[in-house]
Structure formats: C-alpha cells, structure tokens
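Naming follows writing order (A, B, C, D and E), and every chain is counted from residue 1.
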Amino acid sequence: MKTRSRFTLGRLIRLALLIIGAVIFLAPYIFMISAAGKSQDDIFTAALSLIPTHFYYMQNFAKALEKVAMGTLLWNGVVVCALIFVFQVLVAIPCAYAMAKLKFRAARMMMVLVLLGLLVPIHATALPLYVAFDSLSLLNGYTALVAPFTISVFAIFLFLQFFRAMPDDLIHAARLDGMSELGIVSRVIVPNAWPAVTAFAIFSVVAHWNDLYWPLIVISKPGYATPPLGLMNFRAAEAGDDYGALMAATIIITIPLVAAFLLAQKRFVEGITMTGLKG
Amino acid sequence: MSALSLSSISKSYGDIAILKNISLDVPPGEFIALVGPSGCGKSTLLRILAGLDHADSGEIVIGGREMSDVAAAGRNIAMVFQSYALYPHLTAGQNIAVPLAMRRLSSLQRLPFLGPVMPGYRAIRTGISRDVQETAKALKIDHLLERKPGQMSGGQRQRVALARAMVRHPSVFLMDEPLSNLDANLRVHARGEIVELHRRAGVPTVYVTHDQAEALSMADRVAVMIGGQMLQLAPPQVIYDDPAHIEVARFVGQPRINLLPARVEYGTVAFGDMRMALEEADPAGPDVTIGIRPEFVRLAADDGSSLPACIERMEFLGSEVILFCRLNAIGEIVLAKLAPAEAAGLAAGMTVALSFAPDKAMVFAPDGRRLRASAVLADAGREKAHG
Amino acid sequence: MASIAAGEIRPVASSVRHERREARTAWLLALPAIILMLLFVLLPIVAVIFLGFTDFELGVGKFRFVGFENYAELFTDRTFRKSLWNTTVYTAIVAPVSILLGLGVAMLIEGEGWGKSFFRTAYFLPVVSLIVAMATVWQYLFHPTIGPLNALLGLAGLPKPNWLGASSTALYSLSIIGVWQTVGFNMVLFLAGLTAIPRELYAAAEIDGAKSSLDRFFLVTWPMLGPTALFVTTISVINAVKTFETVKTLTDGGPNHASEVLLFTIYQEGFVYMKVGYASAMTVVFLAILVVMMFLQYRFLDRRVHYS
Amino acid sequence: ETTLTIHYPMPGFFKDVMDTISKKFMEENPDIKIQFAAPSATYEDGIQLILRQAGTSEMPDVTFIGLNRLRMLNERNVAVDMTPLVQKEGNMAEQGFSDTILKLAQVKGKQVGLAFATSNPIMYYNADLVKAAGGNPDTPPKTWDEVIALAGKIKALGNGVDGMDFRWQGDDWMFSALLFGAGGKMLSDDEQKVTFNGPEGQKAVELISRFVKEGGMPVFTKAAGEQAFAAGKVGFEFQTTGALVNTIRNVGAKFDLRTAQIPLIDPDKGHLPTGGNAVVILAKDPAKQDAAWKFAKFAAGPYSASVVVPGTGYVPNNELAAKSAEYLGDFYKKNPLFQAGLSQMPRMIPWYAFPGTNGVKVTQTIVDNLSRIVDGSAEPKEALDDAAADVEGMLPRS
Amino acid sequence: MSALSLSSISKSYGDIAILKNISLDVPPGEFIALVGPSGCGKSTLLRILAGLDHADSGEIVIGGREMSDVAAAGRNIAMVFQSYALYPHLTAGQNIAVPLAMRRLSSLQRLPFLGPVMPGYRAIRTGISRDVQETAKALKIDHLLERKPGQMSGGQRQRVALARAMVRHPSVFLMDEPLSNLDANLRVHARGEIVELHRRAGVPTVYVTHDQAEALSMADRVAVMIGGQMLQLAPPQVIYDDPAHIEVARFVGQPRINLLPARVEYGTVAFGDMRMALEEADPAGPDVTIGIRPEFVRLAADDGSSLPACIERMEFLGSEVILFCRLNAIGEIVLAKLAPAEAAGLAAGMTVALSFAPDKAMVFAPDGRRLRASAVLADAGREKAHG
C-alpha cells in the first residue's frame, strides 16, 4: 500500500498522459457547454474565449425547451431504448448460449448469419424495411422504431465471446441440480453475464438514443419523435443554425446518457470483479 | 437388482480412447471408490454416468431404468465437481439451496417477484433453509453461508460444493475428488460425514479420489482404473493385500510397493532370503517381478541370507520413518517402513541388512498379471540374489 | 438405420438421440433470433440483391430488370472507385489508431488508482455524442481561421491546415473525428478484457523477471487480451467501413469527392439521386467485400486467440 | 371539417413562421384543421421523404419543396398540377401573384407549386474591414473587379483576415448567379446541349479563380465561411439573402454589417437565380385538394410573406406584400439590410433544374469541378470543360 | 549471516489481521516447510516475501540486502503459485522457458518479431531449451512440452509450474503447495526431485504444504502457522514429538493426536493407567489436556488399569488400521493406530481395553501451552480416570 500511493516518475507520466488525453477528448464538450451559455453573436468570434461574455444559459435552455417538446422526446427516447434493449437481450442471450454451449449443427451457419448481420448497415436495408413496414401500416409508432432492432447481432456476438469463457462444469452442475435449459440461461448465465450485459446496455442505449437515420425514415408524426429527431428543429441547413440553443438542447438529451453510463460503469466493474473467478 | 449398472462403456476423444469397455455393477447402498492416476478417465466416466457426456457405446441402467433417453436433469443424480462449479453470483447458502428449490418449488413458485407471493412458498422455503443449515453444520461451513464463492478459500468452496450434493436425496451420488483441497484434519472430519451420510441414506455412491487413505478407508469396494481400463474391482483389503495386477500394486499403497526383478528357475522364484514356488505352470518368460510392501521389509542381522544395502535417504513422517536403501547387489532402491524407534541410530550412508517376509511377497508376470506363489520355507538351500 | 441389428446399434443410437435432443433445445433457444435475423437481416439483403438487378427509382413506381447493367456501370464509375479508396484509407487509419489508443487508455486507466471513474467517463463521452450536434462543434474546432486548433498551431508557429476544407486533408480530419468517437468504445471493451486477466499472471510475470512494463505487456497483457482484441478489431473495422454520419454532416463527401466514403456514395445514389437500383448493386458489392474480409480475418485469427 | 397534414423542411427557419401562418389560416377558415408532420432537416431530406411516402397513407397533403426540385417532382408525377386551379381562380394577379412569380414554380408551363419563400444572392460585407482597407463602406463595389480589388486589400491587412467568401459549395445556385449574371444559360433551349461552358460560363469560372488568387478567398466549407464572416474575419460574403436574419444574429455588435446588391458580369443582360421553396399540393382527395389549394394560396399570399420576410431574410414572393404598407412597406424602410434582396427582385429568374433522372447528379458534378478550381488543382477552363463533358453524358437521350 | 530474514512482519486486510508479527531467519541452504490450516496466511506471507504484496510493517532482508525498495522482478526469487499461474497462451515448454528468457535475453532480443533476428539470439535460445528439456525430464513432463495448459490435467499443470521455478537459479525458492494435485506416486517422485535440487543448489527454500508427510520428510525445520501467528519453528522430529502448543500437536500428525481432559491434583496428572508429574509449578487452572498420539495407544488385557472402550469404527488404510474407540468412562473418542495384524479379529461394536504409554503423553495448559511432565512409574497407587 505504501509504495503504491507514492508519486513515482512513471505514475506522474501516466497521470499526465491521462489528463492531457482527457482534455483533448473533452474539448468538444467544453466548447459545447461554453456555447450553450453564449448568445448567438458571442459564439463565433475571433478571440478564443470559453467563458461567455454574457451568461445566456437561461435563454438558450428556455429556447430549447420551448421550441421542442423535450418531455415527449425524452419519454420517447426512454421507451424506445428500453424496449429495444429488453428485446435484444431476451433474444440474443438464449441464442448466444445455444451457440456457445450446446452442440448443434446450425451453429456454424448462424455464425455466418451473425457476421453478415454485423456487416449490414441499416442504411443499406432501410428501403426494403420501410416498404415492408408501410405495407403493414406500422409506420409512425413504437413498433416501427423498435422492431428492426429487436435482433442485435452485436449482442449475440458479444455474449457469444463471453459465454464461451464460462466453465462448462457450471452448466453441468445446473443441469444436475434440475434446471431446464431456459432455467440455466435465466438463473445461471444471465446473472453471471452482468459485465457483458452492462457493456452491451451501454452500447445499445447510446446507439439507439442517438440514432437519427431510422427514426427519420419511419417517423413523420412529432408525437413519436426521438430526441435527435427533435433536435433537428434547430437545424436550418441553408443559413446556419441557432448554435446556442442547439448546444443547450444537445446537453439536455446527452445528460441522461452520461448519467446512465456513470451508473452502468459501476455495475460493470463490480460485475467483472465479482465473477472473475475460475469456478 | 443393482442400483446402478454400466455395461461396456467406451469413449474416445478423436483418435484417443479414453474409456475402454468399462463395466460396473453397484448394488443398492454400496460405496465404490474409483482411483487411478491423473488423466486415466475417472472424471469422464462420472460425467457419462451423470448424462453430461455421452458414451460412444455401452449402456447405463439406474434403478432398473435404461438411461439413454433421460437427460441429466432427469436422472436425479447428485454430483460434486472436481472444479466445485459453484454459482459465483449466489451465496454459499443459496448455492446449497438450489437443488432443493428446483425440486420442491413448483415452476410458478420459482418465478422471480411472482414466486414469493404464491401459496405455500414460505413453508417450503423454511424447510429448505432448515435442511441447508443442517448440512452446512455437518460440514462446518454454517458460518460461511452468507459469503459468495469469491470470498472463500479453496477448502471452503469445496465443502460448499459437497454440501450442495449432500443436501439432496438422489438416487446416486457421484463425487469427484471432493476433499482434495482440505487440510488433513478437515479431511478426516469430512470423510466421516460422508460415510455417515452414506450409512444413513444408503444411496449408492461412486467416489473419485487420488487419496488412497480415502479410497481404502471409505469404500465397500475399490475400482482401480488405469489407462482407461478397470484393472481391479474389489474390497479395499483385497486391493491392498492381493492386487491382481502389477499396476494396481504399484498404484495402491503408500509409500509405494518395492518392485524387484527376479527370474523363475525350476518353477521357483528367489530373491534375497526369500524363495517362492509358483503355483501356475508357465509364465510368459523367466523374468518376473517380485513385489513387497515397505512395511514387510525388515532390518536384520547380516547373517549372510539377508541383503546388504546402503541407506540413501531417510524420510521422517512423524509416526514412522521411511528408509530408502540401495541394494548392493542389484543397485535397485528398496523402501522400508519402520517405526521411529526401530530407526533410531540409523543415518543416511550407513549399510544395513534387509530381510523380506516371503509370505508377504507377490510375483507378477512380465505382462503385469499376478502369479500365485507360496513361500518355500527355509529348508531349501539358501542362495544370494542373482544379478 | 432400422435394419441394422438392434444389439449392435442400440448404444450408438442412444448417443445420437442425445445429440438430437441437445440440438432440438438449441434450435428452440435460437429460434427467436433466427426468425428475427431472417426477417430483418437476410430478407432485406435478398431484397437489396433483387433491387440491384433493376433500375428502380424512388417515386417512379415502375421498374424493369436490367441484368448486370448496374454492376457493369460500377466498374467504370470513378466516384465509386474513389469512395472505395477513401473508405480503405479511412478504415486503415481509424481502426488501428482507435484500437491502439483504446488499449493504451484502458491500460493507463487500469494501472492508475486515482480518478478511474472520471477518466473512464471522459474518454467515453465521445461515444455518447450526438453527431448531428457535434458536427457543429467540430466544424468550429477545425475552422481554418477562427478555430482553436489552428490558433494553437499558430502559437506554436506551425502551418495551419484547412482541415475540412481542403481535399488533401478532409479525409484525415474526418479520420481524427472517427478516432475520437471510437476510442472510448474500444476502451470500454478493453477494460472489460483487462479486468478479466487473472492478477496471478502478472505476479508470475514479475517473479519470472519481467522487469519492464513492456515485458509484462508482451508476456501477459497482449496475449490474454487476444479474444477481446479480435472482437474489438472486428467491430472497429466494421464500424469504420460503415462510417456515414460524420461525412454527411461535415463535408458532404467533398471537396470533390475527397472525403466520400462508400456508405455515403450509396446514400447519395439511392436517396439523393434516387437511383435505388444502382445503389443496391453498390450495396451488394460493398457487402461482398466485407464478407470476404471478415471471412479471412476469422480464418486467420480465431484459432490463435482462444486458448481453451 | 377537413384536416390537412402539412410537411415542411428546415424547422430552424420555418417552425415559427409555419405556426403563425397556420394559426391565422385556421382563424380564417374554421372548417379546415391543420396538423404538421415531423419536419425535415433539409430540402434534400424533405424530397426524399415525399418520394418515399408517395402513394402511401403517410404522404402529407401539402409540402414545401426546394424550387430546383420541382422538376423532379413533376417528372415523377407526385405533385398535383395546379394549372387548372390557377385558371379557375382567374384573378391571381390581383392576389399578388404576378406572372413572374407564378413562373418561379412552373415546370414546362405546368404550375407545380406556388413559390412560398424566395431568395436571391446578395453581397454581405464587413464595413469595418472595408474601411480599414481604405474603402468606403457607404459606396460598396458595384463590379466584380472592384470587389476583387478591395477584397485583396482586406486580405493584405493580415491578422488572419480573409478577403471574401463565395458560397460555391453544395449546389449550382451560386454558379448560376455568376452564369446568369453574365447572361448565360445552363443548357440550350431544347435541353439537348450543354451551354454553360460558353463564353459566359468561362467568364464565371474565371471570376471564381480570381476570387481565390486575387481576392484572398480561402477554401471554406459552407459553415466555415459563414462562421468566419460572423466572427469578423472575412471582408465580403456572397450568399443567399435567406441567411440574413441568422447572420444579423450571429454578428451581433461585433462589427458593422452591411448588405448590397451582388455585382453582375453583364449588368444589362444579367439575371439572378431564385432560391427558396414552393408550396406543393400532394393530396389526391378532392375535398382535401380544395382545402390544400386554399392553404397554398394563403401560404404564398401577402400575409405569409409579411411573416416570412422579417423572420428569415427571404424576399417577398408576393407583389402585394412587398408594396403594400399594410404588409411590408414599412418594414423595409426600417430595415435597410433587407433592401438589397428586394431591389434585385426584377432580375430573378427560375433556378434552372436539369432534365431527366440525373438532374441532381448534374448539380453535384458542377460543384465537384468548381472545387477543383477553388483548390487550384485545375485551370478554370479545363474544369469547366470537364464539367460540360460529364453533364453532357448525363442528359437524357431522346 | 542468514540468507533470508523476516522481522516482525504484520499484515491486515481491512480490520482483519492476517499476519501477526511474523519473524523468520533462514540460514543459507535451509529448507523450511510452512504448514498451517487453510486461510491462516501462508500464501500471503509468501507473496510478501516475493514482493508481490506489501506488509503493513516489518522488514525483509534477502542476502543481506533490505528489500523494501526492490520490486518483485528484481528480487531473483523463484515461486510456484498455488494456482499454478501458467500463461495459458504458451505451451508448457514456453512457460518453463520464460524466466530464463527474461534473464538471458537482452531487452532487445525479447522484442517480438525483432528479437529473433538479433545476434546471439539462436545460441541463447538453444541453451534455454536444453535447460528446459532437462528440468522437464526430471519432473516427467518432457512429453508434454508442446501442450498448452488447457490441454493438460491438473497434475500435469502443477508440474509445469514447478518446472518453471526449478529451471532457474534463484536466491530463494518459494513454493506454495506445489504437489497438491499429484497422485501419491508422482508426489513422492516430485518430492525427491525437489529435495535433490535443493541439495544440489543449496538455495534457501520456503515450502508451503498442507501435506504433513511432505513437511516432515523434506524440511530441515517446520514452521507451524496458526491464525496468523507462528506457533513453533523447529526440526520435524521436534514438531512431532515435542510440540510447544496444543494447536501444533493437533495440527501435526496423521491420524490426529488424541486430546483428553484431565485434572491436576497435587502436581500430578492422571489418566487411565498413566500418571505424570508436572515439572512446572502452577498451570493457569487445574483443568489440563493430555495429548497422546494414536500410535502410542495400545490394546491391553483388561487388567483393571487399562481403560475399557467400545470400537465405533475401523478404518483400513492398507498398511495400518485406525480404531475409533469411545471410552466408556468419559465418552470421548480415542484413536488407536494398529498394524493390520494386531487388528485382526476386531470389529466395530466390540469392547477393548486401551492402555497408554505415559512417557509418550504430553500435557497442555488450558491456554494451550505445553507443560513439561514426566511419567510417574507404576509404584504410585493406581486410580481410575476421573470423569
């Protein structure tokens, strides 16, 4: 303990690297927070100043809240992300378990399908999907927002890696204790896959909270708009944006994500240290 | 009717045959110890018995029922895994409770959130935790029930794994080295608990161990498996005193048996002051091996008939002393086990005279088979060991 | 099967039956995923392949089959070739750099006791960023005259590049943003991998005389991170190849296609020029390239990194 | 009661405007209810949405389409032809829709929409910099040569200041401004041959090259140029009058912002392209069509113009609005910055849309070649000829 | 000068003191066995010695050099880890080669890709692989050198871990239960190899084990650690015959020592036919404990002085038989260790008479301290055990 906490040269270098890196990575956010507090004419100036000359936070946030129905947006965001995440996990975990721990011939073929799914961007298949949802009259609703993402090949891929490392004997013990395969998945695999599930949760929620492309295609009624869709109310491509309010709105919809990450990373680390034993 | 019966089980991984035509009949209530060197296929056999792995051929019958259609979960077998296989996310108490909960609670009652409000849940849970408490107390882990596996030492984990198996009333017990990580005192205690449980419940048990003391002291019969074959299956005393194969003799007995080369001449084998007449006619060749356990090697006055040897090393083991002596005549090492009192005054480098009890010696054919022989008493002319 | 003598076949049949039962369970567990994959991955791909043989245009309604005409056109399409090249360059920069930086940051954070949570969050924030809004910020940071970046370079007396504006630098500027966005993502995955390395191995390495941290890295960290690294590499390459949003919002592929990447070209052809058939053919080629690449990578690496 | 679903692009611009207009419209027409579809970020997104939704139940009844995309819409037969409606009305001119104005949203004589917000390119300048460079801000340069000379002097001030910025990126609109300003045309009248590489076109690209070489124009992205100008680091900025309000806001009190007419290469024959969008009817149902026509007229009418102009900087698309004091007469007196665009109204001609399925791609080709001129990787003539050759290949054969 | 010296090492995790003021001096070439129940802090002590963990207080001196500033990699210590800690991605051979490569190759030569083309690389590598081969042969794993740890059984892995330590010439050997997963024969063999290595190289060694036979047979001195304290440090024979503390007596010896309650009356302690005079004046109270090892409990004719007891259980251990007898008088269990011949004819349920050898008995004070006592011969009046 004593030697650990001493400031050795190596540690100083490490800390310096980390801090410099953090500043670089945070720079855009620093600008964002600064801009959210500036009036429009204060943002683009020749002088580099991070502190707004007049504090305009109130006005910008007020504008963000007034121009956009933030409540609805955030609610939609939460509902959509939660539904997507729950379905993804429910679908992917049993599948990954079967591929990792059960012998069946289709596993190889499924691996190909999974990799294929990883490769195919939604941008490429959006059109056929759009046509399909339209013909089923499912546009403009949570179904359209959620359904295509209920299958996450990324989740299957991630869980597969994780489950492979779980000892076979654990599953054998569960079988002898009288659990069904579904019981094993829900009682043994899932509780021990917390790090993977949280890591995936972080990625899934971030991706779908911020996704603009697909909502743009399937949602044309403001009632179902997700946060980024609402953010577009500040965009006016032809003549520049209202940056202060845009940044304010961005902060509002980013904060839930940051909070979620802070919560999740704690569980994530706990999860790993708790299950990090060999048997 | 036997409680558990295997017939001609074989299993290969790839080209390598791990189990070769293993058959085994366990009458109700019998305790079988399965011993054998590391990697000989013991765990594999248990896994096949439990339905966790599948034999390439052969048949398993438990309680009169053919098991090929029964999944592991349906066989009602309790098993202690060599690697413990505790659920890392559950406390020790919860780990032990799992098999009971799976059997006593209905599938509705097992549901999260909903289960606990089902009728009857409380009563069953109380029963379960009483049983868990009881088993834990027997294995001296009742103070650990709230800990998770990560917070326990190896020995403690192993006892939890044992408790998880013992808490049930299965139709067969399978235990894979369940006490290997305990210190000697704990091991003796746990051994007693297992024997006690077995006597009370009368459940047929197959017990894998690499500790001979366990195998010999606990089992009704000991099965010695070497290289995927079951070389002998017999009561402990027979395994020790009357091994059917040189490998069995070599594997059982601590310190290990002395094996010395000898020749058959005119139907008799001679070594040192021993002389034995072979009962069987014709071994594969004249070169046989004589086996004699260290406790039957004695120090003798050097009267010409005993073998002079040089003490190379002495091992003090508390209640006994092991002498490593190199025979002057043939350069082989012979072990002798003495009481500390007998060994007093001896030291490495000294020369002693060794004598063997011919009625305790065994003769093995070149292919390892045991050859029956009887001691020939002193009247026959004495001769030096050849070679 | 039934005709073979029962005594011979029975045991064999039992083990086959066991396997069948296991396979059936596996199928049941995987079924929802399989159905959904068919619905949302395979079927749309089939549709895309189908469209690739037509001259379908958005809003026109009617279309006809043109055979391989679209594909023939692709070969002569300068824009397509350019964007293929750009995508390769972009991936060749972003994937390795973000993997290495992600690993480096993860290791620094893991080794540092102080401020772990802060650093993790700081490096992860870019992943959370909404690129629609962040585009504006980057626009400003990269601004050739009033941007802070060039102001700093100016202070240091260095040349001030026209980051997003010049065709010589646009793609690299986008790469910087790409790295910024993915390092945190990779870092989290590497952190998960690092935490799972048994401490005992580092102890063993120290005892074995691995004095420098470089020795310990090559002896323990890197090999033990193998599976994670493979996973991260796969994901990073795929994500780099799939990059779209930054290009769309920051440069629109310009100037003069200097920063045009595949997905952007596909988008442009399909949605801006409305030539869905042609765009679909492009998509098919794009997928084919990716599939071949992944196949090779797996052939090559999967066996090397799993030690069990 | 009829409900109209209305879709519009660029909410950052038009949200307030649309809210005001629709409120007023519903007051006047209590039997028509208006609801908005989620707006699209850009014109491109907007038209993609409409084309995707064409024929589905999701398609809105009314939308607003960029003027250069009307032709595409028409070729795909998505929009309702307004010609019969205009004819039935009879007195369009009295409502402020002069022929010139109607023409802005016509494709081959067919009335595809009614121009809603229109713009033309103007010159913004930083009076402080002009003064510093020895110019007189009150008499802004009238010809391109004067502009270039002054811009060069501004650039010479140093301190990271650039002379000028000309918004050539994104589409061919500003190129059109130079080409049309020289009296040139994109294609021959029968639309079979490229003509933008004629002498007028050559003068235009020559100018662009001179902007860079003599006028001190850096290679900005679109946003970068605006930001630099707002920061007071650019002398002249040439772009749409539609950006006026935002520019005013972004500049604030940092410097003395002025506007003036954009120079024309040929002041006599020269014209300017019209930017902006038109209201288009999509509804097929007769009752809805009826209501939609009412709304279209209202949206393109004088009241709306009086809302759109001050809110954005667009020029009025309705003659009544521009002239009548009831609407905007006073506004222009009080806001001199808005006058530049207004004064150029007589020169406005439709923004040329290329025929055929490659229409949009053609625009991109032109922009790509312009960028080669700007970054100095090609001689103006060379780039222009390349563009012409490329475009030639993209024109529909018939 | 001692080769290795610990002075008053203490260590706590949170509130719990794991090591309490441990001191230890190891002269050059000495072999110390460290024994103690699971969780008593043995591994922790080794880790502190190796520099992998840091003591809260205390000093470590190796070869005359104070070590607090020296990192683990600089201490030149070889260690066998309880959990093997093999590199899973390297083959057995590569695992064993690591410590040599780290020492013999320059840091340039160790670089991946670049290293192998450096001058001198080939020669050094050849030397390394010769040494690896040699060590592997000694531990009978030379046929496994190409396998990765995942492809080996537990015992094989443990031998690789051992080889990785033995291949070097360190200044100290630390071994944490290096043979626990081997079967008996292998264990004896490996034990011999370790002793041999130690004799050859003379490197001071600290050897943790829970196998008493190992501790007693291999070590020059045995350190018994219980509850974070070092209760006794002495040669094996002293530890076994003359334990300083009741816990040491209880922990060492297999089967474990019989501990029976007794009272001090007029300076003498009596139990059964034994009578012992205490040499020390005044124990903490009159209630003491008598300890007598099972091998000194004999069957006697029931002549009135011996204690009648009922055989509850018999354990057959091959060369000996353990009797579990319950004393009729006080209800305590007493273990007796007999040769199978002596035990012939006995069975559970029979009543026997037990007699103890008073000169072999030990007396412990209520606080566990050993009390010196001498046997009082038969002339004094005999009396029954109180009870």
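Here is the rule we go by: contacts are C-beta pairs under 8 Å (C-beta built on N, C-alpha and C of every residue); 3 or more make two chains touch, one makes a residue touch a chain.
None of the values given here were measured: they were computed from a predicted structure.
Visitor: Please tell me whether A-B or A-D has the greater number of C-beta pairs in contact.
Guide: Top pair by contacting C-beta pairs is A-D.
Visitor: From chain B, which chain is the farthest off, judged by mean CA positions?
Guide: Max centre-to-centre separation from chain B belongs to D.
Visitor: Considering only mean CA positions as chain centres, point out the chain farthest from chain E.
Guide: For chain E, the chain whose C-alpha mean is farthest off is D.
Visitor: For chain B versus chain D, what separation do you get between their C-alpha means, in angstrom?
Guide: 92
Visitor: In whole angstrom, how far does the Cα centroid of chain B sit from the Cα centroid of chain E?
Guide: About 23 Å, centre to centre.
Visitor: Taking the mean of the C-alpha atoms as each chain's centre, how many Å separate chain A from chain D?
Guide: Roughly 39 Å separates the two chain centres.
Visitor: Please tell me the distance, in whole Å, between the geometric centres of chain B and chain C computed from their C-alpha atoms.
Guide: Distance between chain centres: 54 Å.
Visitor: Which positions in chain B touch two or more other chains at once?
Guide: 51, 71, 82
Visitor: Hunt down the residues of chain C that sit against at least two other chains at once, touch-wise.
Guide: 19, 136, 140, 146, 198, 308
Visitor: Scan chain A for residues touching two or more other chains and write them down.
Guide: 4, 44-46, 127, 232, 235, 241, 276, 278
Visitor: Within their complex, state which residues of chain E touch chain C.
Guide: Residue list for chain E touching chain C: 47, 50-52, 71-74, 76-79, 81, 83, 85-90, 98-99, 102-103, 107, 110-112, 148-150, 164.
Visitor: Chain D touches which residues of chain C in the complex?
Guide: Listed in rising order, the residues are 57-61, 136, 139-140, 142-146, 154, 162, 164-167, 250-252, 254-257, 268, 271-275.
Visitor: Given the complex with chain C, which residues does chain B contribute to the contact?
Guide: 51, 54-59, 68-69, 71
Visitor: Residues of chain D touching chain C in their complex?
Guide: 44, 48, 50-52, 54-55, 72, 76, 78, 160-162, 169-170, 218-221, 223-224, 227-228, 231, 233, 357-358, 360-361, 364, 367-369, 371-372, 374-375, 377
Visitor: Across the complex, what residues on chain E touch chain B?
Guide: Going by the criterion above, the answer is residues 37-39, 82, 153-156, 180-186, 188, 192, 195, 210-213, 216-218, 236-237, 240, 250-256, 293-295, 313, 315-319, 322, 337, 339.
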